[in-house]
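The data blocks that follow each hold one structure.
Two complexes follow with chain A in common, the first pairing it with chain B and the second with chain C.
The block that comes next holds the complex of A and B.
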């Protein structure tokens, strides 16, 4: 039985109240704009919306989802995720496995690790990277959004540290039984690395979904923008362009304002992240702790 | 011996596995580093790489003569330092407070909420920030208005812009940054608390003499590692929130580089800014890792 002193009890009460306040404060901007997206344009434009939608309506979402450009951008984002995430995870594992070996068995290891880590420490930056993409004729190709970000050295280090902490006997037994490194990696290492694989998969997924800058500089054709880039270009406009509207949109425009439409766009783009958030929270936290606090 | 030889004969497989990774970083990391050589040229995008016109340090002199350069450099350092300080103080305090929570359900609920903004991009969070801070409809000014405060254009005000950047940066990252400190707090030796209790130390003195020294190494580590980001300032955030009215306090090196390089297509000048930035950052990262190694005995791999 712990004795709780009176000042400490007062602190505990303050602590619960304060943390509740901080959590609500973090949530508030998101809830407010979410409420705006579900409010009527007149309520939103006159600043009546605080925590709940005023004059609840789906019309802003109808308006956003009617836009052809929005749907094209959504498909472009899905494409970069479908191509980029598996490729990145595959290449990451193929780098991490050899580099997780001991120096005694793989003498070049230290040099190779440095070759990868150096890219984290020093980069050519925006313009030379842009020129490389241009020279490789990758402008306006989805590969410009996939290939340059395939090797994420942070993920490599995370996977590498995970492999290093596995019992050495697993590998020895497998290799001495005559299995190749490929086979050892595939049948011995990967099956017991699923949580780490899930972590880097989610890292990569979020990175691809959220990336907007590469789309902005590597895609000249707006029709090839991924969703994040499209959203960025829309949010920079002061009002919705009144051209290129479908008939349905033109009708909806009566009850939708730039503000409510923009709020709806934000949440359609955020929706996939919200959807996988429970997994993100579970694996990111684990991955971050594994990656930073090594045994 | 026989076993060793048999195993090491398979080493060529290890090299083979590395090939895709090497090809990719050669193309997309090392080739751009070579491309930084255009910083010493008068590179014309129409002529391309066929005809190289070297001009020594002309681009660097030109940068120094740009009126936008010095404010951008100053803003970058000021904003970064503010963010680094906030980025240590806020998460450490939050972690200490969360650590005192006994109800697992309450703790998990708070964590679930405060981790969330980390996973959204600055495009999404920027859109939200622009909306809530809007002078005529935004909820912040609506609430302030209820207290009789006149509307404030937070994102167009040189008095406010940097603070908005630091606060919204904390909104996005503080929760997620607590993870590392919470892990460190969980690792503090429980025996020390019992020993302190035996000595008659109350809660405050336990925190002061056991908890804080327990997480000091990780705090030092995070502080030294953040040195490398001093020249960053947060491009994604600032680019999505700034406008010409706040260039004076909000324009950073990366946004300046973007405008010169991409909007004005002055490739060589922009590359020169990038080169200086990369070299200084490398030096700072090196310094940070050296300090981390000396003080906290930390190595990245």
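The block that comes next holds the complex of A and C.
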């Protein structure tokens, strides 16, 4: 590089310092939870653990691996992701492709897009949604966690805009060569859409992994809770109002697994996502930006 | 989105409940109950088992089904049991002919949310386990069965006795001279404030237990200034508080206020016999002024305004504070710091008075959740029978032989039962039994639950300091001893308002509560002069307080 002007250099330095600070700030809670999970109970209870484990121990992880409920919930979550993510991505692509065509090829295209956008702005509400799921006899089924969130309109728009950004000549060429629309989508569009595919994949994955509320309302049995719901319910135990606590409630509270065990569970739960992020990262930024620049 | 969903839930429920109220009585009864309608009612089954003279435990033949809901109590199930199938459900089926079926089972805090959705969706279970607010909604929507008659007819002597111990245990569920439910009434003694002090620090500094509020001040001063932990650093405080003050639970200033004859947050009769709100009485001003003084002098953790109960107990367990006002359950808040490697110990003391008038301590009657029966369910008396059964198996004649089976090793197996009632204010009695057994070195007369506490104390005395809390709750020098002291001196003042929130409370209670908390906090921190209290009282009255007082008095009279 050539000369970097002084103000620009100052700006760069400031930028790096500032962003490093933000990065550390984001890292801190994760590190704290990790350290708590490796510390002894008494050290964690008295707030001695900040960045490094105090009185290092694996005990909490032993506990997590033994706790049957945690494992069941983990399996439920994996099942949910395995069913939900491919289905959602597939449906998203199938919706986005036709909607990305010009008005000439797809009359009333805008109207259809608006129908989708409408659902983004107005939803059925909690009770009606619950009633629909109930009447469809989906309560207690993994499909109750998969089907209602299959079409993520935001992802559809992202994909749609990405498709619209691709050179139109690609489609023309492939159609002239005799390919059908299915063939065009599969062999021409998708291979060059990897960035945005990765993006919606990640969005859907994280959404499925993290949502707990639907698990709570649609599942009538603790054994069917996905991981996020399970975690939410054990972490929330500590928020049982402590005023007018009876002895029995106090003993109940005490029986709740310790802070270190909870930290270990949080970490084990977050781990799969942490693991996947770096691999999708390079597509992620690109896909998001490319998809959103042009309307 | 989750937050949004949760918020809309609360708003929605109240609306939807009203709308679906009409629909659900027909919808709920329609599908599941068809089969049961042929089942003979209680009348015939009553005569079917002539051995039970009062019918309180008469068996249904053929068996009936009752649908309900549950929050899982997994830790208290025996090996291999589930919430759907355990000693309790088997007992119901074999001895009462009642099959308990669960519409859903949830975990932890989610129970209330889930119940809200169930109420709004209209498919009510036969047996409703709800909180006071939900109870009020159901009642207003006309969804609850009147239980007055079946309670009189079927409730066992023991159940009736439990509900009249201390005070009327069914007060919140009596409306228009009718009874609409049962409560998980547990008396009030467990909520008595008391003062907890670190005794190893007191010994280090040669301090005497407090007799007056001035002594408390002096101990706080010594703990702050004289290095009670002998580490050569001035890093300790006298008193720990939490950021929600009265609303936060442990480490609150209630006890201190009681010492100054102020009773924050509760409703009690003043000289004229009218109910008044404790937080706006002139005594509060004195107590707040004292707290502000202590804060200024540095005796209180200066960062308490950022700490909830969990954080506050962290501070205490880190050895930063040596005194707090708590409850009989407070050992749980600090037990984490008691290990075999240290000599830390705490003792509870009765709340001392600031003057020559003995201090009274404020109590809240704990009614817990409410059990009610959906209107239209054919066997409303089943609820009463289930209750008779639970009480009989844990406290009645058959408890002697069967309690082991039902209460299990933990002594806490009643958490598993969908309906239960423990002897109200039982813990003081347990304390006497345990102490007697310890003195005689003979646990043979103890019941299941008492024995588990006895065992805890002996293993603590045997050197296992992780069992410390047993000693401090049920031992000879324990929180129960303090409660016995309160009872002996007749120094308990009950909160007389035990009903679901009144209309104005529901609409303005939160705002007023916030105003109260903020004002008190500012006064303690010294941000505003103590006279700000008078302004607060005026504002409180103007903003709906007067209206609330009127409603409360109407309700009680």
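Here are a few things to note about the model shown:
By definition in this document, the second predicted complex is superposed on the first by the 246 of 295 C-alpha atoms of A that agree within 3 Å, B and C clash if a C-alpha of one lies under 4 Å from a C-alpha of the other, contacts with A are read in each partner's own complex, and residues count from 1 in each chain.
The rule is simple: a contact is a pair of C-beta atoms (placed from the backbone, for glycine too) under 8 Å apart; a residue touches a chain by one contact, two chains touch by 3 or more.
Here the structure is a predicted model, which means the values were calculated and not measured.
When the two complexes are overlaid on their common chain A, residue A:50 makes contact with chain B while staying clear of chain C.
Of the two partner chains placed by superposition, only chain C is touched by A:220; chain B is not.
Of the two partner chains placed by the overlay, neither chain B nor chain C lies in contact with A:103. Look at A:16: by the touch rule set out above, it reaches chain B but stays clear of chain C. In the superposition on chain A, A:42 contacts chain C only, with no contact to chain B. Using the contact criterion defined above for the overlaid structures, shared-chain residue A:181 touches chain B, although it does not reach chain C. Contacts of A:30 after superposition on the shared chain: chain B is touched, whereas chain C is not. When the two structures are aligned on the shared chain, A:130 is found in touch with chain B and with chain C.
More residues of chain A lie in contact with B than with the other chain of the pair chain B and chain C. Residues 45-47, 125-127, 130-131, 211-213, 217, 232 of chain A touch chain B in one complex and chain C in the other. Contacts from chain A toward chain B in the complex involve residues 5, 8, 11-12, 15-16, 18-20, 22-23, 26-27, 29-30, 32-33, 36, 44-47, 49-50, 91, 94-95, 97-99, 101, 105-106, 108, 112-113, 115-117, 119, 121-132, 135-136, 147-148, 150-151, 156-157, 160-161, 172, 175-176, 180-182, 185, 206, 209-213, 217, 228, 231-232, 235, 259, 262-263, 265-266, 269-270, 273, 277, 280-281, 284-285, 288-289, 292-293.
Per the touch definition, chain B reaches chain A in the complex via residues 3, 6-8, 10-11, 13-15, 17-18, 20-22, 24-25, 27-36, 38, 49, 94, 97-98, 100-101, 106, 109-117, 119-121, 123-124, 126-132, 134, 136-139, 141-143, 171, 175-176, 179-180, 183-184, 187, 202-203, 228, 235-236, 239-240, 254, 257-258, 261-262, 267, 270-271, 274-275, 277-279, 281-282, 285-286, 300-301.
By the touch rule above, chain A contacts chain C in their complex via residues 41-42, 45-48, 69, 125-127, 130-131, 134, 211-213, 216-217, 219-222, 225, 229-230, 232-234, 236-248, 250-255.
Against chain A, in their complex, chain C makes its touches with residues 2, 5-6, 8-9, 12-13, 16, 72-75, 102-110, 113-114, 117, 120-121, 123, 186, 190-191, 246-250, 309-311, 313-315, 317-319, 327-329, 332, 335-337, 339, 364, 366, 368, 412, 414-415, 422, 427, 473.
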